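Shown below is the structure under consideration.
Labels A, B, C, D and E are assigned to the chains in the order they are written; within every chain, residues are numbered from 1.
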Amino acid sequence: MNVTHAIDKNEARRRRWEARRRYLKDSYILWRRNRLMVVGTCIIVFLLLVAAFAPLLATHDSYEQILPDRLLAPSTKHYFGTDGLGRDIYSRVVYGSRVTLTIACLVAAISTPLGLVIGVFAGYVGGAIDEILMRLSDVFLAFPKLILAIAFAAALGPGVENAIVAISVANWPSYARLARAETLGVRNNDYIQVIRSMGASNLRIMVGHITPMCLSSIIVRLSLDMGTIILTAAGLGFLGLGAQPPTPEWGLMVSDGRQFLVDQWWVSTLPGIAILIVVMGFNLMGDGIRDILDPHQRQS
Amino acid sequence: MTTQPLLSVKNLKVHFYTLRGIVHALERVAFELNRQETLGLAGETGCGKSVTARAILRLIDPPGRIISGSIIFEGRDILTIDEAEVRDIRGSQISMIMQEPKMSLNPVIRVGDQVAETLLIHDRSLNRRSARRQAVDMLAQLGIPDPTRMAQRYPHELSGGMSQRIMIAMMLVTRPKLLIADEPTSALDVTIQAQILALMQTLVSEIQTSVLMITHDLGVMAETCERVAVMYAGDMVEVGSVHNVLKHPQHPYTQGLLQTVPDKANPDQPLFSIEGNVPSLLEPQTNCRFAPRCAHVMDRCKREIPPVYNLNGDHQAACFLHDGSPEAQAV
Amino acid sequence: MLKNIIIFIAAFLALLMMAETPGVDAAGSKDVLVIGMATSDIISLDPAKAFEFSGVGLDAQIYDRLLDFPAGRFDKPELSLAKSYEVSPDGKTWTFHLRKDVKFHSGNPLTAEDVVYSFQRVVILKDQPSFILTQFGITPESIKAVDKYTVQITLDQKYASGIFFSCLSAGVASIVDSKVVKQHVQKTDKYPDGDYGLTWLSRNSAGSGSFILRKWEKGDRVILDANADHFANPPKVKRVVIKEIVEATSRRLQVEKGDLDIAWEMYPDQIKALKQNKDLRIESIPATLIYYLGMNVTKGPLTDNRVRTAIRHAVNYGGLINNIMGGAARPINTFIPAGFAGYQDVSFYREDLEKARQLLKEAGYPDGFEITMDHGDQTPNPEIAQAIQNSLARVGIKVKLNKLISAQLWPKYRAQKHELILARWGPDYVDPHTNAQPFADYKAKQLCWRNVYYNDATSGLIQQAGQEMDNDKRIALYQKANTIIQQEGPYAMLFQPMYEHAVRNNIKDVYVAPMFDLWKLYTVRKE
Amino acid sequence: MQNKTNIPAKTLLRIEDLHVHFPIREGMLKRQHASVKAVNGISFTLERGDVFGLVGESGCGKTTLGRAVVGLAPVTSGDIYFNGQRIVGLTGREAYERARHIQLIFQDPYSSLHPRKTVCDLVGVGLKLHDLAEGYEIDERVLALLNRVGFSIEHMYRYAHEFSGGQRQRIALARALILQPELLILDEPTSALDVSVQAQILNLLKELQSEFHLTYLFISHDLGVVRYMSNRIGVMYLGSMVETGLTNDIFYRPQHPYTRVLLSSLPSIDPDTPHIGILLEGDPPTPINPPPGCPFAPRCPECKDRCRIDKPELVQHGQDSTHFAACHFPHLE
Amino acid sequence: MLQYILRRLFTLIITLVGIMVVTFFISLVVPLDPLASIAGPQAPQETVERLRTLYGFDQPIYVQFGRYMQRLLHADLGTSFQTGRPVLDDIIQYFPATIELATMALIVSIIIGIPLGILSAVYRNSAVDHFSRVLSLIGVSMPVFWLGLVLLLIFYFKLGWFPEPGRLDIMLIEPERITGMLLVDSVIALDFEVFWDALKHIVLPAAVLGLYGLAGIARIVRSSMLDVLSQEYIKTARIKGLNEFLVLTRHALRNALVPAVTVIGLTYGGLLEGSVLTETIFSWPGLGRYLATAFLTLDLNAVVGGTMLVALMFSLVNLVVDLIYAFLNPQITLTAS
C-alpha cells in the first residue's frame, strides 16, 4: 500500500459526474419507455407551471364577485363559466393549483420524515421499542383517517395550515409501517452486515445505509398517496375544517358547487376534473418512479 | 444408435431486445441428440445454455425472440408447428428440470397434485384420483419413503434434494422421450448431488429417456454424459464424445476451461486462468468470439467466424487451428 | 372457478337491470304521502325535549295542545283541546275547560290529569324548550286539575294573553297520554328517580293528534299513520312517510322522478329549473326566520354606532336577495318577521355606499379597517358571508371570514368573543315576543346580550310589553323598541328567506307554514 | 487447543469451545423452547499466514462460525482470541478497533455491494469509517487498491450493478483490504462464480495473501477449491468439527467416515476414471436438537451403537500430531 | 393457531385501550363545546350551564376520565346526545347497513379489480394495461360526492335503471330484523321481493364506494401477478404443457392473491370509513354518517363508541385477513412468530 496513485481532481470530478449522467440517462430511457409515466410527469410539470404562472394564466381576479354574472355557462369570456357568486371558475382553478400543491408538498414534507424516522428506528432497534412504536401506529391506523384528521383540524382550528398538520398526523403511521418493513428486509442484508462488521455505528447504518434504501419505496408510496392527500384535504374543506373561503381550493369548489350539479354542471365538475387529472398524474408518476428506482429494471 | 437423431438443433439464433440494444444470446447453436443418449451442454454463465434449453421447448419469454434455425424433434420442427402442438409436446415428450428445485415448485399446491397435474394435462381420459395414484407410484419408484404422505406435503416442507426428486417425478411421470436437465444439482450439496445424479441415471435407463444435461460442472458432465457440447458466448465451439472432448479438447476455450478446474491443480502453482472477460453480446457475431482471450489467436480469427470442423471420430470443433489439418474437415 | 363466478355475477347484474320493480311506485299509491326532508336535526320526538325544527314539526302532527293554529292560519291560536277558558281578575290564574270527546291513540280518554302530567314533566325535566312554559313562573305545584275536565294554571304575575296563548300552542305544551307514559318510565343516570318517559317518548308517541308515530329511525325515515278517529282533523291519507334526505339535489331528483310527493326546502337555484317541470308546483311562503349580521359593540370600531350604521349601509341587500337567495327572500328592517302581528314593512337602510363612506370618515376610519366575521358552514351561510365580505370591501372594510361548525360557532357567540357574526333567528313560539325579547332585551341574555349591547331603554320596553294585556298597545311597544334597535343596535338585518317546497301536482291542499310548529299535514290529499 | 497456557506468538486466532445457538421463540409470551445449535462446541487455532479451509455441507454452521468471529453472530458460550485478545462480545470502541483487523468477504457479490453506491464509495467506506483519509485522498487510495485488483480509473465511479460477478467479488476484496486487515474471512468467495472466473479470483487471493501478509479463514463447500487454497482443513458437520488436519492428510488419509463420503461424492472431471461414490441416505438433519451421540451417526454407513450415545471428541488417532478426528472408529492406515 | 389468534386478540385489546385514551384526549383538546350543539344556537346561557352539570362536564378532567374509563370497561358506551339513546343501540341500528354496503362495495372492487389487475399484468405496458390502470385510477381520483351524484343523475334520474336513494322501497315492509342487513334478513324470511328491491337499491352506492377501493386492489394484483409470473414455478407449469389460461388461473392467481389479500383487508377498512359521504348522498342510514355527525357535534360517547367499533372491525378484518393469508399460503404456520 505504499504506492501512491496520484489522481487528478478534475478527472475524478468529471468521472463522478459522468457516472451520474449515465444513471440519469438510464432513468430517462426507462422514463421514456413507460408511456403512462410520461403522461403522469407531464401532468405534474404542467401543474407546476400553472401554479408558477398563475397570475399570467388567470383571466379574472379569482376573488372578484360579480353577482349578476353568477352561474354563467362556459364561454369565451369565462372559459369554465362562473360559480354561485359570479366568480370566474377558470381563474379560480388556476390559482387553486397553488393551494393544492402547497397542501400536497407540505403534507409530504411533514409526514414522510416523521414516518421514516420512526419506522427505521423501530425496525432497526426491534424489541420492546419496536413493539411500543408499532402499537402506537396501530392506534393511529385503526382510527378512521378522516375522523382523525377532523379531530386534529378541529383541535387546531380551521385553516389550510392546520389541515396540513392534521392530514400529516393521520398519514405518518403508514409511512412508518412501510419504512419498518423495508428496514426489516434490509437490516440483515449482506451489505449492511459488511458495513457493520467494518465498525460502523448503528446511527450511521440507519442514517447512511438503511434510510436511503427505504426512501425509494416511501417516495413511491407518497406519490401514490398524493391523490388521497388532495382528496382528504378536499373532504376537510367540505366539512369546514380545511381551506377557508374564499380560498380557491379545488375540493371546496367541488363541494360548494354540488348543489348546482344538475343544472350548472360546470361549477362542480370542472374543479373535480382538475382534481382527477392531478391525482392521476401523481399516481401514474408514482408507478413510474417505482419502475425507475427498481435496480432490476436497469439490468435488463 | 439409430440413424435418425431424436433431436436435431440447427443454426439456432435467439436475440433479446433489451434496454441497451439487441443481445445476441444465441448465434450459432447446432447439435444432435440421439435416442437414449445423455448429451452434456457445458459452458459458463451467460453462454446461452439455458436459452438453448428453453428454445427447445419454445419458451423464450419476451423480450427474447427466436430469430432463425430449426429444432427437429422426431421429425417435426418445433419452431414451425402451432402452439397447441408444442404444448402437447411439452411435459409429455420433452420435459425439463431446473436449477432451483425449491423455486420451481408451486408453493401453494401439494406436491402430489403437482405431479398428477402433468399426467392430467396430457391424458384427458385420466381422472383426478387415478392421476394421483400414478403420481404416488412415481414417488415410490423414486425411492421416496412414505410416498402417500409425501404427496400431501407442500414444497416449503421439503429439503432441496427432496424438491428436486419431486421435480424429477413431475417431469418423468409422463415418460417423455427427452429430459432437459438444466443444472439439476448445482444448488445442492455434494452428497445430495451424488444421490440425485444416481437416481436420474437409474430412472433414465428405466424409461429409456434421452437427456440433455446442462451443467457448468465438468465433473458432473464427465460422470453422467456420453457426449458433450461446449458453448461460449452463444456460439457452439466443440461437440464430441465425452472422452474426446474432456481428454483431448480441440478448441482453445475447452482446453482452458478444463485447466481452470482447481481439483487436481498443484497448490503451489497459480491456477491456469483464461485472461479477459466474456465479450458483450450486443454486437452480432462477426468473428470467433473467443478470439480476444485466445492464446492461439490468429488474424483471421478476428475477422471471420470459424466454421465447424469435423475431427476424427465423434468430435467437432469450431476453430481455425484445425483448418488444413489432415483429419479435419469443415462442415 | 373464477370464470364461473364472473359469468354468474355478470348474468345477475344484467337480470337486475332488466327486471321490473315489483314494488309499487311511491307516487302510485294513493294513500301514502311521501315527503323528502333534511330531518337529520331531530334528537328526540318527546315534546318536552324536542326543540329542533323537524322534531317540533313532527310533534305538531302527533300531539294536540290546549290551543292550536289551524292549517294555513297563523295569526293567532284558536281553542283546540280546551273548549273554553277563564282568567282571574289579577290575570294570574287561568282555568281551562277541556273537550270531553278526545281520545288518545291508545284509546284512553284525555283528561285534566294528562294535562297536569304533561306540563309537570316539562317543568321537572327542564330540558331545552321548558323555558317556554317556565318563563311564566309555572311550577309543578302551580298547575292542578280542578276536576276531570278542568285545569287551573297559576302564573307568578300578569302576562300578556297573546304571549301566554302562543306558548300554550307551542310544541312543548303538547298533551301526552299520562297512563301510557307512566308505563314507560325508566331510571337513568341523569334521572335516577325516573325519567318521566323521556327515553321512551323520544322515539314513540303517546298523543292524540291526527297522526300516530309508527316509526322514527334517525338517518332513514319517519312513518306516520293516520288517526282516523281524530276529534277534529282526521287526515286525508292513510300514511305519511318522511324520508331523511340531506342532499337537496337528491331530494330534487326524487321529486322530479316521482319518488317523492313533496321535496322540502329547495334551494333558490333549483327553483328556477323546477318551475320548468309541468308535473310540479312550488309552494312558497316567507319563513319566520331572520338572517342578520351581529356586531359585537365592544370590539374595535364596532363600538361606534356610525361604523355600525356604515356597515348597515354597505351591505348589498339586493345582491344577497336576488342572486344568492335567487329572489326567495325579502328585505326586512324589523325583528318581527312578516307573518307575525306587528310586522312593519319599513325600510331603514338601503345600499348607500356614499353614506357608508361618509359615516366611516366621520367615525375616523376613512380607509376602513380589518375585522373578522364568523359564520356557519351550512348553505347558504358561506355564500352570504362571502357576498357580505365583498360588499364591505367596497367601503374599505376588509373582512376575514371564519367558517365554523355549529359546535364552535355558538359557544363563541355565547361567550361574546366574536366581532362580526352571520346568524339567523327563528321564533320559539308564535308571538312577536319570541323575537323582540332576544333582539332587544339584553337581560334575557340572548342576542342582545351576546352582542354586548346593554340598552336599558329597549329592555324596559320589552318587559313592559310582556305584561301588557292590550295586544295593540303591546305591539306598539315592540315597534318602538325596534326603531331604537334598528338605528343604534348591534345588528344589520339582512333578509327574511322564503320556504320553497316542490310539490307534485297531484298533491292537493298543502298549506305550507312560515315555521315548522305551524305545519299541518292532515289537510293534504293525494289524487 | 492443547496448550492453553502457552500461546505461541504466531497464533493469530484461537477459538475455544465456541457455541452459537439461535433461540426459537414461540407463543404468546415468546418463550424460548428450542434453539438452532448452529455452532456447537468448536475449537481450533489459526496461525499467522495460514489458510484454514473450513468445509462442510450447507447448514453445517461454517458461515455462522465466520460471522461469529467478526461479531455478526451472537456467541452463546466459548471464547475467541484474536492476537491474544478476547474478542467475544466486544462493544463500542473495542469492537470498532477489532473491526479494522478482521474483514469478511461474502459469498454473493450481488447482495454484498450496496446497489446505490459507486465503486469508489463502496471501497472507500472503510477509510471513512475509521477516519483514515479524507477527500481526494480517499479516491487516491481506493484507486491504488482498485489497480491492484485489476481495475482502472474507468471503473471507479460506476455503480455496482454495472459489473459482473467476478468483478464485484474483486471490488468486495478491495473494500476489505483497504483497512489493511490481518485476518480475512472468506465465506464461499467463489461459489457464485464460473470456473474460469473462479480461477482468476483464487489466483488473486493467493497473490494478495503473500503481498499483504494475510491470514485466511477460507469457508467453502467445494473440496477442490479448498484443497487448492488451504494448507490446513477443518471438516464440519452439524455444528461440530469432525476432522481437522493438514490438507494432504485430509485428502489422502481421511479418518472420519463423513470426510470420506464427502471426498468420494466429488465427481471427477476425468471421464475414464470409474467413480466409486459412497451414497448417503437421506438429507442432513437440522441443527435443532442434534442427536446426542456422534452428529453423523444417523447417516453414517459405519455407525455402531456407541456412536449413537457417546459424542466422540476431536482427538489425534494416527501418527500425525496435526491430524485430529472426532470418531470412535476412525479409518487408520 | 389458537395461540396465534389469542395473541392477536391480546394486541387488539392493547390497541383498543390506546384508542380509548387517544379519543378522550382528543376530545379534551378540541376547542369545541359539545353542549353548544346539544343546546342549539338559540338556547340561553343558563340552559347551557344546566346541561353542563347534567352531563358532568363541570367535573375535573381526571374525574371525567376515570368515569369514562370505568364505563367503557363495563361495556357501557353511554348515551348519544344526538339520538338520546344508548350508543350501543345506535351502533346495532346503523352498523349493519354500513357493513352491508361496504361488503357489497368490496365485492364490486374485487370483481372488477382482480380481473383488471390480471389483465394489466399479463399484457404489461400494452394498451390493455394502460386502459385498466387509468380506469382504476379514475375511481380513486374522483370526489365521492361528485361521482355519487353523477351516477344518480344518470342511472336513476335519466335512465331509470336503478331505484331512488335509500335502502328499500318505501312501500315494502322490512323483514324481521335479525342481522340488520336487508339482503340477509330477506333471504332468511324468504321474502325475495324485498331481497330484489334491496339489491337494486344497493347497486349504485356499492358501485360508487367500490370504485374507490378498486384501484388499490387492481394495483396490488397487477404487481404481485407480475412478480409471480416471473417465478420459476410458472416456467415449470409451462414446461409441463399447461396452456396460458391454466397457468394464470391455477398457478399464478392463487400465489398472486396471497399479497393481495392483505390489501383487500385494508381496503375493506377503508371502505368502512369511506362510506361517510356515500351514505349521505344515497340516504343510507349507516354508521359512517352517524359517526361524522357525532364528531361534528362532539357527541363524545358516540364518537368513542363508533371509533372503537370501527377500530375493532378494522383489527378483526385484519385478523381474518391473516387467517385467509395463512390458508392461501401454506408456508405460513401460524404457531411460529
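The rule is short, and it goes like this: a contact is a pair of C-beta atoms (placed from the backbone, for glycine too) under 8 Å apart; a residue touches a chain by one contact, two chains touch by 3 or more.
The structure displayed is predicted, hence computed values, not measured ones.
Engineer: What is the graph distance from chain A to chain B, where chains are linked when they touch?
Structural biologist: The least step count works out to 1.
Engineer: Out of every possible chain pairing, name the one holding the most C-beta contact pairs.
Structural biologist: Chain pair with the maximum contact count: C-E.
Engineer: Could you work out how far the Cα centre of chain B sits from that of chain C, in whole Å?
Structural biologist: Centre separation, chain B to chain C: 88 Å.
Engineer: As a quick test, compute the distance in whole Å between the mean CA positions of chain B and chain D.
Structural biologist: One centre to the other, that is 32 Å.
Engineer: Where the CA atoms of chain D average out and where those of chain E average out, how many Å apart are those spots?
Structural biologist: 54
Engineer: Where the CA atoms of chain A average out and where those of chain D average out, how many Å apart are those spots?
Structural biologist: 48
Engineer: Among the residues of chain E, which are close enough to touch at least two other chains?
Structural biologist: 31-32, 149, 153, 296 - these are the residues of chain E that touch more than one other chain.
Engineer: Going through chain B residue by residue, note those that touch at least 2 other chains and give them in order.
Structural biologist: Residue numbers touching two or more other chains: none in chain B.
Engineer: Pull out every residue in chain C that's touching 2 or more other chains.
Structural biologist: 247, 249, 253, 405, 408
Engineer: Name, in rising order, each residue of chain E that touches chain A in their complex.
Structural biologist: Where chain E meets chain A, its residues are 11, 14-15, 18-19, 22, 26, 29-32, 125, 130, 133-134, 137-138, 140-143, 145-146, 149-150, 153, 215, 219, 272-273, 276-277, 291-292, 295-296, 303, 307, 310-311, 314-315.
Engineer: In their complex, what parts of chain D are in touch with chain B?
Structural biologist: Counting only chain D, the residues touching chain B are 57-58, 164-166, 194-200, 202-203, 206-207, 221, 223-225, 227-229, 247, 261-262, 265-272, 275, 277, 279-280, 283-284.
Engineer: Could you pull out which chain E residues touch chain C in their complex?
Structural biologist: Chain E reaches chain C through residues 31-48, 50, 54-55, 79, 81-85, 93-94, 111, 114-115, 149, 152-153, 156-157, 160-167, 169-172, 193, 196-197, 199-200, 203, 249, 253, 280-283, 285-286, 289-290, 293, 296-298.
Engineer: Help me check something: in the complex, which residues belonging to chain E touch chain B?
Structural biologist: These residues of chain E touch chain B: 231-233, 235-243, 246, 250-251, 254-255, 258, 328-331.
Engineer: Okay, in this complex, where on chain C does chain A touch?
Structural biologist: Touch residues, chain C against chain A: 247-249, 252-253, 267, 269-270, 272-273, 316, 319, 322-324, 377, 379, 382-383, 385-387, 389-390, 401-405, 408.
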